[in-house]
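Here come two complexes built around subunit A, the first alongside subunit B, the second alongside subunit C.
Right, the complex of A and B next:
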C-alpha cells in the first residue's frame, strides 16, 4: 500500500469560534502504481487531504502511512525531508512559486535541495524540462518572461527532476491550452505506465478522469464518499445522482446510444473505443 | 516540423465596425514579440471569442483593447475614435474587463461596496447607486449575497461580482480574459450562462478570451491567434472544421468534432452538429445496415 490514512481529521482555525472541520475521520488506502483521481466540489477537502501527503499539514487526529514514512497526530514527526523527496506535490498554479533567475536553475532547485550535485541536478532538470516540451532555447530565460502554460510546465519539471515515487498534482491543467493539457495528461499516464509512478490527480475535469484514471476517490464535506473503479462510479446512476456528479460527455453519449438500442458495453473508455464498438455493431 | 501558412487577410470590411484594429504590434521587450501586425473588425452586439495557445498573445491583446498597454505600432479604433492618451479615459468608460483570477480584482469590503466602487467614482447619487446595485446584482444572481465579504464567496460568485460591477457602469463592450479558467465546472457554467444571457440582448459587444472550445462554438465569431498573429478569423464551425489544421497550432476540436473524427476512422461519416442529431443519425445508419 502506497498510502494509508487512518481516521484522519484536520480542522482549520481549531481554537477559534469559526473553526472549520475540513477532514472528518478519513480512512483511505491508495495502492502503489495506480493513477487515482481525487474529485469533489470546491470546499470538499481535496486540497487539505493532498497537503497531508507530504506533511505540509499534520493531522489533528489519526495516523498516515506513506511508503515507509509515518505521520501521527500530536507527535514530532521525523524524516520529513525524505518524505518530501518521495512525494512530489504539484500545487494549483505552481507557476506562482517560480523564483530563480533562469528556467534551468529553477527546475534544478529541488534536486539540489535533496542532495544531488549541481551538475547532476541540472541534468535531471534538463531531462524533466524536455519531457514537458520546454526546449533548450528557453533554459537560460527568466521564468517570469514565459507564458502561463510554459511557467506551469517549468514548475512541474522542478518536481519531476527530484524523481519522486509518488506524484500528486492539484488541478494541473487549470488554465492550460488544449495542447498543454493533452501533453500533461500523456505525461502523467506515461510516468505511471512506463516508470511505475503512483499518481494522484485532483481534478474537476471528469472527462479526463474517466479516460485517464484507474481509480477515483470522491470527497464531499470532508469525507470520502466513494473510492473504487472510475468506470464503475460514472456508470452508476444512483451514485451520480446522490453526489450531483457531472457525467463525462463520453458516458452521456454512450448512455443515449444504449437507450436508443445500441449494445455498447459500459467499459468504453475513449471516444475511439465507442466508435469502434458501434462500427462493429453495424458490421462495418 | 509543421509549416504554418498564414492566409491573406480577407476580413477588412469597409463599413463602420464598433472595433477596428489595424496593424497592431506590441512587444514587452526587444527579445520577445507579443503581437505582430494584428488586424480585425468586431461588429456591435457580436460575441467574439479569441483563442490560441498559452503565449500566443491573447491576454496582451486584451490589455491593449482596454488601454492597459499602449501599442508600439498600429491603431485600435473604437466607435470611430482611435485610442490615444487623450481619449483613453473617455473610451475606458465604455469598456469593462473581467480578469482570470477572481481574487485579484476586489476593492470593497462587501459585495455591495465592491459593485458600488465604480459608481462612486462616477459620482452617482446614492439612491441611483442603490437602484443600480440592486438591478445588476439581480441580473447575475447575487441579490442574496450583497452583504457578504468577497473573500467568503466561491470563485464563480466572485466573477459574478466583477461582472455586476462592470454592468452597472453601462459599458458597450465587455472583455472576459479567461474569466472561467480558474473556476470549477459549476462556476464555469454559471458564468457562461451569464455571458449567453448578456449576448441575447445584443446591446453589449462581448469579447471572450478562452480555452473552452464549447464556449467558442457558441460564439458568433472566433479570432485565432498563433505566435502573435491572426491565424484565422470567422465562424467557429468553419474555423474548427479541419481538425488537423486546428491541432497544428496547439488547439483542439469540440467533443462532437472529436466523435465525428473517430467515427470517420471506422468508415462512418456523420453530419450532425449536436449529440441529439448524432444519436438519431447513427441509429438510422445502423437500421440501413
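Right, the complex of A and C next:
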C-alpha cells in the first residue's frame, strides 16, 4: 500500500465561529503503481486531501501512512523533507512558484534542495524539461517571459526532476490547450507504465479520467463516496445518477451504439479501441 | 499565514457588528485615549470591564483574543529587562550581587503592558466587527474636513480600501506559494542562513509578480467601469446612525471624562 489514510479529519479555521470541516473521517488506501483519479465537485475537499500527502496540512484527527512515513494528528512530525522528496506535488496553477532567473535553474531548484549535486540536478532538470516539450533554446530564458502553458510545463518539470516515487497532480490541465492536455496525459501514463510511478491526479475532466486512470476516488462534501475501478464507476447508471457525474463522451457513445444493437465490451477506454471493436464487429 | 489574527474581520452577527462604523471608530479613539490617561491602579478596573464587555458584545472567542495578544508578551519581557536595568526608583525588591531590582521597574512594565493589552483588545473588537470597507468609509467621513484644504480625501480613502481589500488575497497567495515551495524542499522554519535567504526569495519574487499582475488587472477593471480619479462619486450604501451608536459614543465619552477627572482630582 503506497498511501493509507485512517480516519482523517481536517477543519479549516478550527478556532473561528465560521470553521469549515473540509475532510470528515476519511479512510482511503491507494495501491502502489496505479494511476488514481480524484474527482468530485468543486469544494468537495480534493485539494485539501492532496495537501496532506506532503504534510502541508496536518490532520486534526487520524493517521496517514505514506510509503514508510507516518503523519499523525497532534504531533510534531519529522522527516518532512524526505516525505516531500518521495511524493512530488504539483499544485493547481503551479506557474506561480517559478522564481529563478532561468528556466533550467528553476527546474533544477527542487532536486538541489533535495540534495543532488548542481550538475546532477541540472541534468535531471534538462531531461524533465525535454520530456515536457520545453526545448533547449528556452533553457536560458527567464521563466516570466514564457507563455502560460510553457510556464506550467516548466513548473511540472521542476517537480518531476526530483524523481519522486509518487506523483500527485492537482488539476494539471486547467487552462491548458488541448495539445498541452494530451501531452500531460501521455506523460503521466508513460511515467506510470514505464517507470512504475504511482500517480494521483485531481481532475474535472471525466473523459481523461475514463481513458487513462485505473482507479477513481470520488469525493463529496469532505467524504469519499466511491473508491474503485474507473470503468465500473462510469458504467454504473445508478452510481452516476446518485452522484450527478458527467458521463464521459465515450460511455455516451457506447451506450448509444448498444441501443442500436452493437455489442461493445465495457473494457473499451479510448476512441481508437472503440473504432477497432466496431471494425471487428462489422468484419465478422 | 492563517495564523494572523490581529486585524481580521470575523463575519458573525453580534451587537457590535450592527453598529455604525463611524460610531465605532470614534469610540475606539476615545477609549484608546482613556487608556493612556489614568495614573492610579484602580482606574484600570472600569477599563478592563469595558474591554471584557466589548469582547462579549462582539461574540469573539477568548482564545482568538488571546492569540492577538501573544506578541505583546514578548514585547513586555523585553521591556521588563530594559526597565530592570535602567529604572532605579521605588524600593529594592530583589538583589543579586551588585544588581538590584526596584519595584518601580515592575509596576512600570505592568502599566505599559496593561495599556497595550487594553488598546489591542479594543482595536481587535473594532476590526473584527467592522468590514474593512465600512471602516474605510468611516475614515473617509472623519477626514472629510481636510478636503477643504485640497487634501485628496477620497483618493486616499480609495487607496486605503484597496490596500485593505488585498491583504487577505495576498496573504492567501503567500500561503499557497509557501506550500508550493515547501513541496520543492524549501525549509521555511529552520535551515542555514544561505538557505533561509533563498527561501525568502522563493516566496517574495512570486508574490511581487502576483501583486503587480493583480494591480494591473484591477487598474484595467476600474478604468473599464468608468472610474475617473477626482470625479465626484455617489454611494450605493449610506451609513445611518441608530440609538446604539449614540449609547456607544456617549459611554466612551463618559469613560474619557471620568479618567481625566480622576487624573485631575487624585
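By our rule, the second predicted complex is superposed on the first by the 283 of 284 C-alpha atoms of A that agree within 3 Å, B and C clash if a C-alpha of one lies under 4 Å from a C-alpha of the other, contacts with A are read in each partner's own complex, and residues count from 1 in each chain.
To be clear about the criterion, contacts are C-beta pairs under 8 Å (C-beta built on N, C-alpha and C of every residue); 3 or more make two chains touch, one makes a residue touch a chain.
What you see is a predicted model, and the numbers here were worked out from it, not measured in a lab.
With both structures placed on the common chain, the touch criterion links A:41 to subunit B but leaves subunit C unconnected. In the superposition on chain A, A:89 makes contact with subunit C only, while subunit B stays out of contact range. Of the two partner chains, neither subunit B nor subunit C is touched by A:263. Contacts of A:278 after superposition: subunit B is touched, whereas subunit C is not reached.
Of the two partner chains placed by superposition, only subunit B is touched by A:252; subunit C is not. In the superposed pair of complexes, A:179 makes contact with subunit B only, with no contact to subunit C. With both structures placed on the common chain, the touch criterion links A:195 to neither subunit B nor subunit C. Residue by residue along subunit A, subunit B and subunit C are tallied for touches, and B comes out ahead.
The residues of subunit A lying in touch with subunit B in their complex are 41-43, 145-150, 174-180, 182, 204-207, 246, 249, 252-253, 256-257, 260-262, 271-272, 274-276, 278-279, 281-284.
Put simply, subunit C touches subunit A in their complex at residues 2, 10-12, 59, 61, 63-64, 67, 173, 176-177, 179-187, 201-202, 205-206, 209-210. Subunit B contributes residues 28, 32, 52-55, 100, 154-155, 178, 181-182, 184-187, 211, 213, 247, 250-252, 255, 258-259, 262-263, 265-268, 275, 278-280, 282-283, 285-286, 289 to its touches with subunit A in the complex.
On subunit A, the positions that touch subunit C within their shared complex are 12-13, 15-18, 51, 54, 56, 80-81, 84-85, 88-89, 91, 94, 96-99, 109-110, 113-114, 144, 158-159, 162.
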